[in-house]
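These are the structures in question, set out in turn.
Both of the next two complexes hold chain A, though its partner changes from chain B to chain C.
So, the complex of A and B:
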């Protein structure tokens, strides 16, 4: 079951590469602007050789992971606060509606003015665009905890804090993780876009530099790297999900 | 232990809503449970059995009247009172195995190993010795309710409240579970208060049946079932005392259908 599903994932990747190569060879698009896989791979190899790629990759992934972790913790904390205080929930709901639609690129100028060009810039942008998944899912999941489970806690004479920690949070965790998975992809988008606009390093910055100097195979190679990053981050989130909500993964019966 | 009743409900009243839409649910409920008793509270659907149970457990107080547990007024869930819910699929913790669900209910200072050993013993007692490490969703409905019952026993409470624990299981499982609960109550000397809408179940299981009327709900009558502790699905249900008690309960429910003004 697991192996078959993994294989299917591999097959769809091969399919994408096959379509790319076919389009390239057919010459529908001038091959200068649409190089084949071999040329792209050579571009990637060159960037690995001179150290550019790994340095940029470390920056980008590091920022995405740090931002995602922080955004998740803040999102869950706000969800708990919303669950405890209906007053806060109602006020914050309006704020959610206002802040959630802001695209990462539109926050960049504000972030530069506020935080300069360092790590804080990226963390701020990622948090602003990624807390919504964990937050909104967290609020919904905490509200959906069966009342019987909470009453059980009360019959065991647990304090509200104990009920939150031992009953409500574990019950809500699977749905929170669904929000984190969504947030992971958004986090990568936010990092690369910020690097493209305001960066001095990272994959986004490298991508802009390569495309401005018309290094087309390298540009595409970097685009593929952003895809791989998505897979890497999803794997990381899944690892956390297995560690913390292994029971739910088993219950669902598939390696999502 | 003291001589008085372990649980006493005195003139409990509860209404929901306001103004013209105000509905009286409990209209003065009084009864008591003595140590060692198996008491069944039986009443029709919608008569406020769950409301009554919430008040008895201290989870949601009544508007008037009082509940006394071991002589003390109940305002919040007291120590020594456990509750098994009707909907096992919502009351068990799906992230804990059967064993962990049971040990979780042990809030005492005993060590982890002692708790696990006791939980194992209880799960064996409910017939789940080979499902200790299964998650609730890996078990059938009847097995899940057995876990919930083992968890109810685990807190070593002075009184176990059972809220229609068998309403969601099939007929055959239901009969088996009735006998299991009776057997466990005997073996662990567990005082029980069973709430059910099923007259046959109430008479079959209980030493005393508290019969509730329709809304606004009052105690229609209390009937002592003179069958002794040993019950049998075939013999008991044919026993004259069982049939007599059953007849009494049904007749009282019918007589109470039209509530008379006091």
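So, the complex of A and C:
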């Protein structure tokens, strides 16, 4: 990120905060529903002091990351399987069309029967809704590997497995990471929704509890936290991308 | 029909059918009401057919209203932000921030201002649909093709004509991609909004089934959502290809 971009982010953040505070002070909206920044910050500080915010945050982020990693691994495995067997790819395409439009909220009620309220529930739901990004991008990217590269591998007497591991997968990784970045956003949505419905712990549950007890500043603070979580997870994915596909970033000449 | 063609036709169905058979076998083995087989789910689907249809109608009506609201406001806003540099410069980070806010997280806020009725759910759907439309319209109207701009200038088109005749068609493919993403998002959030703010709709149907331990009925509801989503997404893709026939034709040539 260049200095100019960072400056712009800062300017627009200040602008939003200014507008927010002005609206709140002017009282266009009832101030009870639209507290000022100081009140929201106080609400956040209170939740940090009594520890509930950090506990919930660790819960939510941990679930999102665990689910995302598992979904990515399964997605890539299925993409490789689809690349090896066109027959599997055709069949799985039917399933993709059917399963992809199912919202996480729809599976939560039934999944609770199968998995209880623990980590397994969240992992299952995240995998169900985030696997498609890595999978679909993986299939497309594996297919798009230039023939010359594969032929080169054959010339060097590489086995099909070696070609897959040393040539095709590395070539497909940048595009797979684009799918993971999308999946990261979806996984956070899935976790927060599930926590709101399952109602036991995590940021989603805290959000519901605070809003039902009409703690408005805390509610806004928690919404801000979910926003920051999106940024955090995106940064984490970017870090992974730079570690695994640093060569590609260098080649393309753009900063990650 | 040659054997090769038969195999090609069977391929899309073979794997799902195999999984279905596996599911039926497992259900027969376990024989628990909490793990119904495909037959039970089908029976529940038939039994609840009219209820599901009715509730799905309520859901789709809100999806339509929310989506239209989002499209009608966000396409002009996106063009405005894309065209007026200063506004775009100022608001792009704001849009990026809003994009990371999960739509369900705005539920408490929506409840404060709009209660739990239709208005609240439509607001949630509109919010979810607004983000992809806004981002794509903004990005599409920001870039200007150097070549076509020059052509427009040598044809002495006015600024307004250039925007309408040259830049808008050039931006349409990307805007429509945003629209397609918005429809998918609207469908996803509609069910979520119903489960969180229950009154009616297919999401409420799902929750009632769960509360009554009707797993088969719940799965039938999920099946209905999956089929509806598939149908809507396919229809949107068809419409997009129809509207943008020139874009896809050109793509095929290059």
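Going forward, the second predicted complex is superposed on the first by the 245 of 256 C-alpha atoms of A that agree within 3 Å, B and C clash if a C-alpha of one lies under 4 Å from a C-alpha of the other, contacts with A are read in each partner's own complex, and residues count from 1 in each chain.
In this text, a residue touches a chain if its C-beta (ideal position, glycine included) is under 8 Å from a C-beta of that chain, and two chains touch if they have at least 3 such contacts.
None of the values given here were measured: they were computed from a predicted structure.
Of the two partner chains placed around the shared chain by superposition, chain B is the only one that A:171 touches, whereas chain C remains out of contact. With both complexes placed on chain A, chain A has more residues touched by C than by the other of chain B and chain C. In the overlay built on the shared chain, the residue A:73 is in contact with neither chain B nor chain C.
Once the two complexes are overlaid on the shared chain, A:149 sits against chain B while remaining clear of chain C.
By the touch criterion stated above, A:245 is placed in contact with chain B alone, chain C being left untouched. When both complexes are overlaid on chain A, the residue A:14 reaches neither chain B nor chain C.
With both structures placed on the common chain, the touch criterion links A:157 to chain B but leaves chain C unconnected. Looking at the shared chain after the overlay, A:54 reaches neither chain B nor chain C. When both complexes are aligned on chain A by C-alpha atoms, no chain A residue touches chain B in the first and chain C in the second. Chain C contributes residues 11-16, 18-19, 34, 89-94, 97-109, 111-113, 184, 187-192, 195-196, 203, 206-207, 209-210, 215, 218-219, 221-222, 225-230, 232-234 to its touches with chain A in the complex.
Interface residues of chain A, counted against chain C in their complex, comprise 8-9, 11-13, 15-16, 33, 86-88, 90-95, 97-110, 112-113, 185, 188-189, 192-193, 196-197, 204, 207-208, 210-211, 216, 219-220, 222-223, 226-227, 229-231, 234. Those residues of chain B whose C-beta lies close enough to touch chain A in the complex are 57, 59, 76-77, 79, 81-83, 85, 87, 90-91, 93-96, 104-105, 107, 135, 137, 155.
Taken in their complex, chain A has these residues touching chain B: 146-149, 151-152, 154-158, 166-167, 170-171, 173, 245, 247-248, 250-251.
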